[in-house]
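Two complexes are shown next, each including chain A; its partner changes from chain B in the first to chain C in the second.
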Partner chain A sequence: MTAVDSMRPAIATVRAVRRETADVVTIRLDHGDRSDAFEPGQFHMLYAFGAGEVPISVSGRPARGGGVEHTIRAVGATTRALCRLRRGGTVGVRGPFGTAWPVEEARGRDVVLVAGGIGLAPLRPVIQRIIAERELYGRVTVLYGARTPDDILFEADLARWRGRFDLQVGVTVDHADASWRGHVGVVTTLLTDVDLDPDACLAILCGPEVMMRFTAAELEARGIPRREIWVSLERNMHCGVGLCGHCQMGPELVCRRGPVYRLDHVGRLLGVREV
Partner chain B sequence: MSDPAGDARALDVDGLDRLIAALSERGFAPHGPIVRDGSIVWGPLRGVADLPAGWTLEQDAGRCQLVRRGDGALFGWAVGPDSPKRLFLPPSLQLFTARRDDEGGFALDPPAPAPGPIALIGARPCEIAAIAVQDRVLLGSEHTDAHYRARRDEAFIVAAHCGEPGGTCFCVSADTGPSARSGFDLALTELHGDGEHTFVIEVATERGAAVLEAVPHRAATGDEIARAAAVVTGAASRMGRELETDGLRELLYGCREHPRWDEIAARCLGCANCTMVCPTCFCTSVSDLTDITGATAWRERSWDSCFTMDFSYIHGGSVRPSVGARYRHWITHKLASWHDQFDESGCVGCGRCITWCPVAIDITAEVVGLRSDGSPPPRTRTAGFRV
Partner chain C sequence: MPRHRPIETALAEHPFLAGLEARHVELLAGCARNIRFAASERIFESGGAADDFYLLRSGRVALEVHVPGRGPVTLQTLDPPDVLGWSWLVPPYRWQYDARTVEATAAFALDGKCLRGKCEDDHELGYQLYRRFLPVVQSRLQSTRMQMLDVFAASPAGGDAP
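On to the complex of A and B.
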């Protein structure tokens, strides 16, 4: 076959494995020159030998060394197989696919990043990028909601980000345990403590659809227009390149025109039952 | 495109047989309509003798019957349950094989060699329109389907303009037939009766002309050309169904909460038949499988359907758990969002989804129902379903 077959994965080596929580693992992959050819917000199709293939957002660049990181929650057969990978293991990679967060548009603006659950993973490369060129942005706020204290991802990163004087970081949990001394409540409750300038602010949301809907509604109520709010959508995907049909949401082929969308482009669809 | 009135040719039945042989000699694998499994389906063609001479398909909503015509026409029927889709986008295809290596990693076997080119004999105008629709879906964007391309690129197409529309046909509404306008190398119109059996041939491409040169043929007479045109005009006047396409996209986007969806859901079995027979439905799923030792794995791609629960499943549940939402998604995609995605309709008016629906749901009647305010719909079009 002469044409490039977009369904054939490249082979990547697992360079490092870091356990984040009981069911979440971050793996660092190296597939040569193409490893870091991604934009924040894009995803790869990761193939666990014989088990299956799933879309996983890039969760950042490693602090040291090359490669690309993915943070995976074990919820099904394929993600469980990916989470069982060891250093030196092999995984299939296709991509990167999809649209990116509006990092360049955010320059010169205040940026509010709101994450729910595993949704912090696709935001991590944006936060890394912002920190790397911090002088280009205004006030930057990161708000993160996890289900329980045990589900908090990237604890080392969060500690580092909270230690900076140029980032405002808020963390909340839906359900606290006896050890928790932090904020309790859904992530939108953190917004009330944030000083927002509706004329200067760009918002980036990632998490369960219901969380993004409520967060967007709160931001809109605070005067931020829909065109300044960005979301990342999750849909079933088999090909990643707009050929298999699974990821449709109304007229959107989410893998190709998304997963990152400006809210005014998809906001109406988010409110439609079973679209 | 040639001017059919200017340089139309004529073949007799033996000439058509020789045309199939000539394509075979040139390395094409001829495929065409054959009688099998009580219907007319696409299959390998050795010659004219394999074509469904004297057969037709009586079709209505939820009903298709293979019956004798009482003459020897080769193309005296409209479309059967399958289409050339299965030749270019196979229902099941192995995409790659991967093997464990000694170090615990794995590697992919080299890609399989491309299959040889196919020749379609007697593709219907709606089928050719459907191929063009799938071309735009699978070859028209940045990432193309290499497997579809390998089968599609060199394919030789002999169109058969329609003279005998079926009871569920509405290609006139879809503006795809009953004559094909482009997308073929040669096109034939069958003239038969009173001892005559002639195929008036239009030549559309240079390679079509070259193949035809290898076959005994003659210039078509003015009378034959006129009668060929009348065959198509006659077919256009006998469509089994019609679909009002004006404002359809806006209609479907505007009626997401119409009570009709629940009414359809009460009848729809979610069986996916409509999507399996649809010549434009392109959705596929991949499954990653292993042998029993776990040393060899492969990826299989199969047709899938938006009518299944699994189709839209993400962790936490299916995006479209209700049957009504799945039907709404399917018809909205066909008639509305396809325009947004690919600048055209996803429906070519072949009527297969109507014929092969086990409960006789009729896309044309559903549009009529959705155009109404939600009061009980006219049910005349579903009368063909017999219990």
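On to the complex of A and C.
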């Protein structure tokens, strides 16, 4: 896609809307040929008419019906407008933009995916891809941390993934009342149950930066080198093509060189305040 | 008839006690017993005498605090091979929180009162126990701090103005 094309939105139609939690919605968009043209980890700029444009990661392909899914949390004016969309509505779409998760590099390796909060959405296409070609990977572990049981995303997917004999799935919440029978504690506590082979493992982390920092530290303590740990950075992305500079993080323009990075390339920036 | 292994053997295999000398395992075994709890059973209650600690073997335990108006709130769950309880180490030896099983749970219960005496008599044993408990305390403190940060709370991101 040329820079000019990248700045011109295509019109996409909302084919389906699924409420995930009180403030998170997944929409299935059909934007013709572009629907299939994404790699796990990439994002689109979605334009809610009259409200604004925001970067939203692709959260997967629907099980049926074609198109592409985006999972959106209502946190501001634009995302609230996107979450109010109904079937048949339209949005402007630019992209896909950004770098992808190292799905091919992970082939033949054990893969540990650690997601926190809405961070499960950008990892869902990776998990879908791995399941589709499961024989190409070693042991696969999915660890997910949410704020409360009511904030757990993709519950049906998690239940399905948990039911497989070839995936290890752990779910935890930070806060719960006594009716919750699952695990309570931060997502790093789930790592203690995972048998990690530092020589064979590739780790993929997505969530708030604090969560990724502590998870990466735990993985490093278990012997996984930084070059085998991948993270996704969220920044204030506007143009999507590295022109406007809003998403700059030190020397990095996250919309173009990210959002997916190898930790040894950006780890030092994560420790710098106000970057 | 099933053969029961001596408790020393089973204790020595618990990851929390890995590397402990045989004589110390033997000392611990003198204060240890096997214990089972049904699901939803209260193990201890805040304010009660903290005279035991538990090495989990199976099941799940929730550490809870009762919040007036909200009822019991789960602070953390513990799964094998976690250790439950360190208040027996710190005066005034009272539990700070409630512990309740989420599912049927088996554990070694160790008599902390008895062990406090043994640690006074054998400082090497005390040191070995403290060096195992301190990382547990550090890890739980770290987890609690992260929970307090509430990192998954909604905040405007990606240039989406509130």
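FYI, the second predicted complex is superposed on the first by the 270 of 275 C-alpha atoms of A that agree within 3 Å, B and C clash if a C-alpha of one lies under 4 Å from a C-alpha of the other, contacts with A are read in each partner's own complex, and residues count from 1 in each chain.
The rule is simple: a residue touches a chain if its C-beta (ideal position, glycine included) is under 8 Å from a C-beta of that chain, and two chains touch if they have at least 3 such contacts.
Since we're looking at a predicted model, the values are computed, not measured.
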Does the superposition put A:P125 against chain B (first), chain C (second), both, or neither?
-> neither
Where does A:F214 make contact in the superposed view: on chain B (first), on chain C (second), on both, or on neither?
-> second
Could you look at A:P9 and tell me whether it touches chain B, chain C, both or neither (first, second, both, neither)?
-> first
Between chain B (first) and chain C (second), which does A:G52 come into contact with in this model arrangement: first, second, both, or neither?
-> both
Chain B versus chain C as contact partner of A:H175, first or second or both or neither | second
First (chain B), second (chain C), both or neither: which does A:G41 touch?
-> neither
Using the superposition on chain A described above, determine whether A:G88 touches chain B (first), chain C (second), both, or neither.
-> first
Looking at the overlay, what does A:R256 touch: chain B (first), chain C (second), both, or neither?
-> first
In the superposed arrangement, which partner chain does A:G145 touch: chain B (first), chain C (second), both, or neither?
-> second
Under the contact definition given at the top, report the residues of chain A touching chain B in one complex and chain C in the other.
-> 52, 75-76, 78, 208, 234-236, 238, 246
In their complex, what parts of chain A are in touch with chain C?
-> 23, 52, 54-56, 73-79, 116-118, 145-147, 151, 174-178, 180-186, 188-189, 193, 207-208, 210-211, 214, 234-238, 246
Touching chain A in the complex: which residues of chain B?
-> 95-96, 98, 100, 104-108, 111-114, 137-138, 141-147, 149-150, 256, 282-290, 294, 297, 299, 301, 304, 306, 311-316, 319-322, 325, 328-329, 332-333, 336-337, 340-341
Listed in rising order, the residues of chain C that touch chain A in the complex are 60, 62, 64, 70-77, 79, 100, 102-103, 139, 142-143, 146-147, 149-162
What part of chain A is in contact with chain B in the complex they form?
-> 1-9, 11, 13, 47, 49-53, 75-76, 78, 88-90, 92, 208, 234-236, 238-239, 241-246, 248-251, 253, 256, 272-275
